[in-house]
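Let me begin by presenting the structure, written as structure tokens, before commenting on it.
Going by the order they are written in, the chains are A, B and C; count residues from 1 in each one.
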Amino acid sequence: MNAAGIRQKIAFTILGLITLLVVAPIVLIIYYVISRGWSAMSWEFLTAAPRNGMKEGGIFPAIVGTVLLIVGTMLFSLPVGILSAVYLVEYAKDNLFTRLIKLSVVNLSGIPSIVYGLFGFTLFVVFLGFGTSILAGSLTLAIMSLPVIITATKEALEAVPMTYREISLSLGATRWQTVRYCVLPYAIPGILTGTVLSLSRAAGETAPILFTVAAFYLPRLPRSVFDQVMALPYHLYVISTQVPNMPAKLSFATGLVLIGLVCLMNLVSIVLRAHYRKKKQW
Amino acid sequence: MVEQNVIIKTVNLNCFYGDQQVLRDINLDVYRNEILGIIGPANSGKTTFLRAMNRLNSRYLHYRQTGEIIFENQNQQDIADTLLRQKIGIIFAMPQVLPVTIYENVAYGPMVHGVRDKHRIEQLVEESLKKAFVWEELKDRLRSPAVKLSGGQQQRLCIARTLAIEPDVILYDEPCSGLDPISTAKMEDTMALLAQSYTQILVTNNTKQASRVSHRCAFFLMGEMVEVNQTQKLFTYPDDQRTDDYITGKFG
Amino acid sequence: MFRKINERIIETAIRVSGFAVIAFVILIFLFLLKDSLSLFRVYPLKAFLTSTQWLPISEPPTFGIIPLLMGSILVMVGAIVICVPIGVATALFIAEVAPGYLKMILKSLVEILASIPSVVLGFIGIVWLGPFLKTTLHLNTGMCGLTGAILLAFMALPTIISISEDAIIGIPRSYKEAAYGLGATRWQTMWRIVLPAASSGIIAAVMLGIGRVIGETMVVMMVTGNAPIIPHSILQPLRTLTATIAGEMGETVGGSDHYYALFAVGLVLFVITFMLNFVADISLRKSRK
């Protein structure tokens, strides 16, 4: 082997080792959380409220809170996200308004989550008077989720062949009919995948819900959208930093449930993607 | 043979993509119930002309046109997109079907034009498939996906789909370019029979096809209309030397 | 007729949604600005930007952003120094070296990393990385800038890897073939041709990575020790812009100077990330051309 070949071999080995350095901790962290948290996992842990300063009992209210927040976020972000992507792909002309929307999407995606938290607090909690509530938290998370949903929907719409639109328009369909019957049905898989992914991000976020919805300790379930709720990520933050002498296994188990929930949603999105890819006809 | 009244008339039609002019001062009359062939080498503006008829070009971002198109004695600009395209249907170059069933492909047009009655739609589907001469082949599998059909069947399905919106004019943009000779012959037969009730404009690269099917024929070259004449005349004693050179295969 | 009205409504909704996206960015800016201005009416902007002390509850309070900014920058620089070379190397390995099946596994692992909530990583920092660094480096406390920087580097990796990978994959095959034609090895081609050609994409990746790191809240709040003083070393406890907002917001009284000061910090964050994203967007566009 010549010198260049040897150098290549060394370089590739180094690249491989660095990659190992990246992925090994991922596997280790997951393993660590599972192995330490599994012992505390039980039916009671998943279905009971916390007791005794959160050092005993379960995390049921936090699970419910997080699920409610996911649903609320979806209700707000899905219509706005999909419709604005439809605007960008199907309606927009190349003008200032369109460029501003695109720039806004880019910038929304870069705004720190804590700034969303501040904004949600000052607009929804204080200015609009929703108080610290599911409504305020969901709206905050929804705005934060918009860029991912818009980007995913845009890509899904752009992947639908131009000819479908051409056929529909040439038959005298209106623009909306064309979108409704010949574009959206074929973009739905991509839209769903992106949506689930963005919701899984929202489910794991702590900073935006700190001042908009999250309750430190609230062992009952909410009665309306104006109630506070506990949420899994915030609960994990609280018990790992604010509660002295917290049994570590409960923290690990909470982390495990949170990772499990997020991974489950990711899995759903992967399965959806695979399922529709098989059925794809074009 | 051809009823001598004008259904479409273009007056000094100029078309541009950005700075590039693709059609120059086209003045052309299309007569009712004729088959007008449009021939010419690639990039001579044939397809642009065709798509200008039902304003499909307006989808392109930097497209603009000047001059007038008169349809049924009305300025085309005054007719809504949806109505104009219902009156003037188009068949594209490669068979283009929607990824739904055969039935849904044909029913789509009537559906978007507000036909809600199921029986009426069924009737329209059957009539249209019959007029396009594919009913016998397809009647037993109306509920199977249209993409499974052969190219020739797909293209005649496209004709049926266009007929279902009950147009007056049918545009063809090189409709046989992807088809085998037998399917091509069937298409040409279909067009001949449709001439009884429809005006048809056929853009084609295949001069032989134009000479077989069309009543009159126009020759486009680099954005200009060189000549329009009775098909027989154009293919035997054309007025213009360039037409002669093209049909005898000196270029193109 | 009914259909026409229906269509009008839906098309209006579509346009309104497009407009809403712009409106949100403007609203976020305006609301941050409104509350920040409330601070600057009573506390000079110059002092906010130049004072080296953040003492919000002493009497009189000082709201100097410098220590927080220094904290953020120090952690950010630490994280970027760690994650950019590692991320780009991993992207090269995934895009150019790894065989198909390994590529799939590696990419899914990176996706899993992207989906791990930051609060879980913060928790890992508290129970494992912090104590580990404390004993191995003989520090006074494991809750310091370095712990934060390592975890943030880890969090920014998915962004850097996936965008760099896209840039590397997007390089025209002809470039590489020309190099192979001249007898270059795959490594020489990667080093001399692929990396330079992908540079604007990689710059965008770095910008977005910086954006993520600067904006990350929970990890830094949980592991960097929360000391709002100008740090002299990354091995000391420090406090970032984000952690200040998250940590102090709950303790302020609505409408107090301290409360408004936190919005001013938010505004600074907004402006920083806005600019980073702007630059990243320009580089991304360049790399796609």
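Definition applied: contacts are C-beta pairs under 8 Å (C-beta built on N, C-alpha and C of every residue); 3 or more make two chains touch, one makes a residue touch a chain.
Computed from a predicted model, the values in this text were never measured in an experiment.
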Going from chain B to chain C via touching chains takes a minimum number of steps equal to 2
When A-B and A-C are ranked by contacting C-beta pairs, first comes A-C
Comparing each chain's Cα average against the average over all protein Cα atoms, the nearest is chain A
Chain centres from averaged Cα atoms put chain B and chain C apart, in whole Å, by 56
Rounded to the nearest Å, the gap between Cα centres of chain A and chain B is 49
Chain A to chain C, mean C-alpha position gap in Å, rounds to 17
Two or more other chains are touched by the chain A residues 174, 177
Residues of chain B that touch two or more other chains sit at none
In their shared complex, chain A is touched by residues of chain C numbered 7, 10-11, 13-22, 24-25, 27-28, 31-32, 34-35, 85-87, 89-90, 92-94, 97-98, 106, 109-113, 115-124, 126-128, 154, 157, 161, 185-188, 190-191, 208, 211, 214-218, 222, 242, 245-246, 249-250, 254, 262-263, 266, 269-270, 273-274, 276-278, 280-281
Listed in rising order, the residues of chain A that touch chain C in the complex are 4-5, 7-8, 11-12, 14-16, 18-19, 21-23, 25-27, 29-30, 32-33, 79-81, 83-84, 86-88, 91-92, 97, 100-101, 103-119, 121-123, 126-127, 143, 146, 150, 174-177, 200-201, 203-207, 210-211, 233-234, 236-237, 240-241, 248, 251, 255, 258-259, 262-263, 266
So, in the complex, the side of chain A touching chain B is made of residues 93-94, 163-174, 177, 181-182, 186, 281-282
Within the complex, chain A is touched by chain B residues 54, 56, 59, 61, 81-86, 89-90, 92, 96-99, 108-109, 111-113, 145, 147, 161-162, 165
